[in-house]
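Here chain A shows up in two complexes: once beside chain B, once beside chain C.
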Partner chain A sequence: MASTRAWRGIATALAQRLLQALLVALLVGTLCFFMTRMLPGDMAYRIAAGRYGYDMVTTAAAEAVRLELGLDRHWLVALGDWWRRLLVLDLGVSQVTAEPVMLEIERQLWPTLRLSVLAMGFSLLIGPTLGVLAGLKPGGLLDRATLAVSTVLRALPSFLLGLVLVLVFSVQLGVLPAAGHDDHGSIVLPALTLALGMAAVSCRVARDAMIQVRGSAYFAFALTKGLTMGQALRRHGLRNVAAPVVAYLGVQLVYLVEGVVLVETIFAWPGIGHALVHAIFGRDVPMIQGTALVLGLMFVLFNALVDTACAFIDPRRRA
Partner chain B sequence: MRPVPPSRRRRLVVACAGASLLPWSGACADDRGQAHSHTFTTAAADVLTVVGPWELTGLDPSRAGYMFSRMEVVETLLDVDDRGRLQPRLASRWQVSGDGLEWRFTLRANRRFHDGSEVTPENVLACLRRAHGRPGVLTMAGIRAISSQDGAIVFTLQRPFAPLPYLLTHSSCQILAPASFDAGGRVIRIIGSGPFKIASISMPQQFDIVRFEAYGGLAIPGRIQKARYISVARAETRTLLVESGQADLAFSLDPPSIRRLQRSTKAVLLSQMLPRTTFIKLNSGHPLLADVRVRRAIALCVERQGIARALLRDPDLGATQLFPPSMGAWHDSGLPALRTDPHAARALLEQAGWKLGADGIRQRAGQRLALNLTTFVDRPELPLIATALQEEMRQIGIAVRVIIGNSSDIPAGHRSGGLQMGLVARNFGNLPDPVATLRQDFGPDGGDWGAMGWHNAEVPALLGRLASGAADGGERARVAAILQSELPLIPVVWYRQVCAVSRRIEGASIDPFERSYRISQLLWK
Partner chain C sequence: MSTPHTVSSDLVVIEAPRRPSLGQRAGIVLVSAITLFALFGPWLVGIDPARQQLERYLELPSLGHPLGFDQLGRDMLARLAHGARLSLSLATVSVLSAAIPGSVLGLLAAWRGGWPERVLAAFADAVLALPGLLLVLLLSAFTPGGFWPLYVGISLALWVEYFRVVRAASRILLASPHVEAARLLGFGPLHIVRRHLLPELLPRLFTLMRFGFAGAVLAMSALGFVGVGLQPPTPELGVMMIELLPYYGEAPWLIGAPVLLLFLTLLGLLLLAPEREAA
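And then the complex of A and B:
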């Protein structure tokens, strides 16, 4: 009985997420459409520059582009066209490369997913572990050290942190590739750059949760009945600490998605964020809409995963 | 337990703070890639890695075709040497008819594409006809027809056009094998005839090439078997790739990176002046700028050496005339250099009736001498130079508003007539013979990237003579002299390409026309 109810709950949640995804798609696409229209400069010239290099751009080339892409259509017609095509999952053709946007995104999605998942993995490995250890001894050396490091890491913008990591691990130590995507291990530095920023916060969240757990009656009882600290932590502590940490991941996704855009550009990582930056420079509207759409959907998907994980960790939420 | 003294405690905290970062990251490095540690520290031993900011925006020759030329995968009919003189490539000879209307390019025999197929006149013809139908350089020539006759490619023109062979050196005119195209004429793979062939392409960022053993062109002195191009958008990252030994050739470095690499043990720097000039494009038809005295005053207030030293960190780049020394035939070393003299500039403005107002800005008949300077971010140094110019012009009493947009504002502003002043960087070496480019820039109606509202019949006539092949030799100097005295464009700085070369290779050089990275000339040390 209970399990049917739980499944029904999950199904409702998923349906909600699907609706959310649809709304995100419409909203992101439409916003991108208007934002690129409002950017200064003539779109036809800009696209011609993206294609042929700005030195080769003349009014004749720009007019050819305008004609080819129908840029002089009324904006309502162009927007309506995009919505109609979105319904059949057709994201259009990149105005710069002339390749279908779907194909380009297919190419870039996997590197971005790999990077994001690894970054999240690293951050969960680093942040909560240090946080729990710090929380076991509030005010101790580790607690104060992690506080200092967290503050510094969170305050550093990710592009600066990325450059510092490259200087240390690639230039000074020579143990990791500085950028690119083909050498073994080239994912480590971009993933670490993203992870350290996230770990900085999840470490503090885990530490606060640990202090609360340590002060709780059930933890004191576990110790009183004779469990060792390790046993008490494993059986009664970790799950309770995990709940706020995982819930907070939802908030951190904003940082992740925003960070992916910057970090991919710095590390020349061929993902969605990198493509988005280039598309914006080239005024490639279908590409901007497509990449922003995928980033938005990734956000919804990860949030759904976080919700599921929270429900899994905390049985009270399944009720 | 004895309490730890506060100062020691503080030191401990700091040490832990630093250390907490290291072991974790170190651990990641250890288990992920100990086995490949040497491939991290240097580029893979036998692969030459080239990094630059240019992305592969498509396989079509008119898009990223220049990247496949630079990596020596594809060839054009003709080539040029460092001084811009034509050299044979896929064509062995070329000749023009007496009336200048028919050009004949004889193809070299026994040349093969990377897929083994022969380079035939029909293949070449198809590529050139295709190039003619797209935005690119061939539209400049007034071509009536392209045909093939007896193993030669024949161009029939509407009027004589002497720079035609130079157009054929452009990357948009490169020759691809028939198997490169699909049924609809789209380029689906790159099969060229150069000394290297494509091994793999991962769009838009990277492609790998290997040596084409059956290359039938000129002898290849180099020893490079495999090479890779990676597009890396940020100059800092390119610099770090060189410093970590991951890149062998890095192009387009910014001044701070250059200073950093001067101390590097991993790389040496090469530099070469390119035929690129940063200048102020003036709307000479604008009421405030129509008076040549105002234009001269602006030219006199520009501190070219100062801008070159402070912003480009290279004092030699201050422009003394529009055409840099790298444009051998056009640079006239006898021409009196542009100078900086704010006193003379102020005097010229006084003469033109512009009197200093209470706010330090000059006025005439109630009108302020206030102008817009439009520039763009495609070249990162341009906005910096624009703000320096703004201050220099303020000092002689001209109020300047800097508008930073994107490169499209310049041709669009030219077309609408709304542009007042634009700071642009123009590549005169886009084609090795700049006549075709200059005809675009100084035509009767000016040019998108050249003069604007400037009426001078002599310069278009001189350029027309050069284009028709009827020139007697004095035209180039005359054009340079007129541009120097009339100042439809005010030169600011020239441009130097700087390239970082890893110490494990030798024989590197920079092509002043940016046509090739000359990988086939390189040797491993």
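And then the complex of A and C:
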């Protein structure tokens, strides 16, 4: 019985995330719809120019576009149609490359996922480890050092941190490529940029949790009954440290997704965030919509994963 | 979070003010210095940040021009001062225009409830569904390079927090015995808000404003840096950084100036937090 209730708890959380995904689609879709309507000039001519080149635009071509996109209809009707096409994932055609937006996104999704997952992995490797060690000796050298470093890192926005890492590792030391995706190891700097920013916070969260664990009755009892420090940590400490760290990961996802956009752009990493910024440059609304939608959905998906992980780590949250 | 103070409308128990920690004092110094620089810097420097003297391009710092000249022969200190003023004023304006309506709506929602509360809560959820910077980016795509989309986008992303925090806190406060007593005594809503709600809400609002301020400064410079925010020749911190990056080798102090200013602004705001929060 208990386990059915546990799964029901997770299911409710996931249903809320599904609702959030719908909200993302509605918000992005509506904004992009009005974006097309508010761009300067006659839209049919502009889209025709984007498709066929500025020299090839004729009234006939513009009229064909007008009919095809329903630009002659009332805007409410057009908005309904826009939503309907979004729901069946008909994202249209990029106005710059003339390729289906879906195809472009398929190419860019993998690099972005690889970068985000690697960044999250790095951050979980660095942050909580240092945090636990610092929390074992509050006020000690490591504790003060990590506090100083994490304060500096938290005041450094991801794009500046990326800049600093490029200047140190690529320009001065010349050990890692500064940008692009062809060279071996070019994922290291962008991933490290995102990871350090996240580790700066998770390190402190883990440190506070560790101090709480050390002061708890169950930890004292574990030591009293004869477990060594290492055993007590492994059996009673880590899971209790992990709970707040993973819960805080949910908050950090905002930083991760925002950071992906900035970091991909400055490192020329060929992912969704890079594509979004370039679509804004090119005023390519179908691409803006597609990429923003995918980033938003990625945000929701990661959040759902964090929800599930929280429930698995902390049984109290399953009910 | 909650500090024990107003017990009844007459008896005020004041907690002995804790001495600000070393970090907080550093934060106060940093934030005041940067604010003064933004307020009076442009006037003190007194040079047009757009004035070009091409023959002086990348000129070394001197007494008259402490940061030298940039890649287009413009006085760097003048550009930095105007950049600071631009960032801080955008942040101030957007934080205020998020905080005031957000708090008022949160208060009204907690007070009246009903369908307006549900509509507002749904709208807040919709805004929160996307990371804030993504919303600002999408709005900036409407009129690239404009100031208005930045302002609207940042305010729109920020008001939700005020709404949610004020609504949640007011709900609890409005149900508490001392507010009920005040109501029974016949005090009007304004009195209750001023004497019983605001003292509890203000510290939380200041925390939110600190974060919102940092977020606004950050968003503006980030968008400027990747090229979808304000456009050159505007002296904006992020724009300056990306413009000066190619000259890092010859004149590192030029790009160093806006980087350091942004870093110190964010650091100052971070350090202002009471120790308990800063963890």
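Details
By our rule, the second predicted complex is superposed on the first by the 269 of 319 C-alpha atoms of A that agree within 3 Å, B and C clash if a C-alpha of one lies under 4 Å from a C-alpha of the other, contacts with A are read in each partner's own complex, and residues count from 1 in each chain.
Everything that follows uses one rule, which is that a contact is a pair of C-beta atoms (placed from the backbone, for glycine too) under 8 Å apart; a residue touches a chain by one contact, two chains touch by 3 or more.
All of these numbers come straight from a predicted model, not from anything done at the bench.
Which of chain B and chain C touches more residues of chain A is settled by the count: it is B.
Once the two complexes are laid over each other on the shared chain, residue contacts for A:G230 go to neither chain B nor chain C. When both complexes are overlaid on chain A, the residue A:V300 reaches chain C alone and has no touch with chain B.
Of the two partner chains placed by superposition, chain B and chain C are both touched by A:I266.
Once chain A of one complex is fitted onto chain A of the other, the partner contacts of A:V277 extend to both chain B and chain C. Looking at the shared chain after the overlay, A:A60 reaches chain B, while chain C stays out of its contact range. In the superposed pair of complexes, A:L23 makes contact with chain C only, with no contact to chain B.
In the superposed model, A:G139 makes contact with neither chain B nor chain C. Shared-chain residue A:L167: touches chain B and chain C both. Contacts of chain A with chain B, set against its contacts with chain C after fitting on chain A, overlap at residues 152, 163, 167, 171, 265-266, 277.
Residues of chain A that touch chain B in their complex: 40-46, 48-62, 64, 96-99, 104, 107, 122, 125-126, 130, 141-142, 144-146, 148-149, 152, 163, 165-167, 169-171, 174-185, 188, 192, 196, 265-268, 270, 274-275, 277-278, 282. Interface residues of chain B, counted against chain A in their complex, comprise 9, 12-14, 16-17, 20-21, 24-25, 28-29, 32-33, 36-37, 39-41, 44, 55, 57-58, 60, 62-63, 66, 135-136, 139, 202-206, 228, 230-234, 236-237, 240-241, 243-246, 378, 405-409, 411-412, 414-415, 426-427, 430, 440, 448-449. The touching residues of chain A, when paired with chain C in their complex, are 20, 23-24, 26-28, 31-32, 34-35, 38, 151-152, 154-160, 163, 167, 171, 204-205, 207-208, 253-254, 257-258, 261-262, 265-266, 276-277, 279-281, 283, 285, 288, 292, 295-296, 299-300.
The part of chain C that touches chain A in the complex is made up of residues 125-127, 129-135, 137-142, 144, 218, 221-222, 225-228, 238, 241, 245, 248, 259, 262-263, 266-267, 270-271, 278-279.
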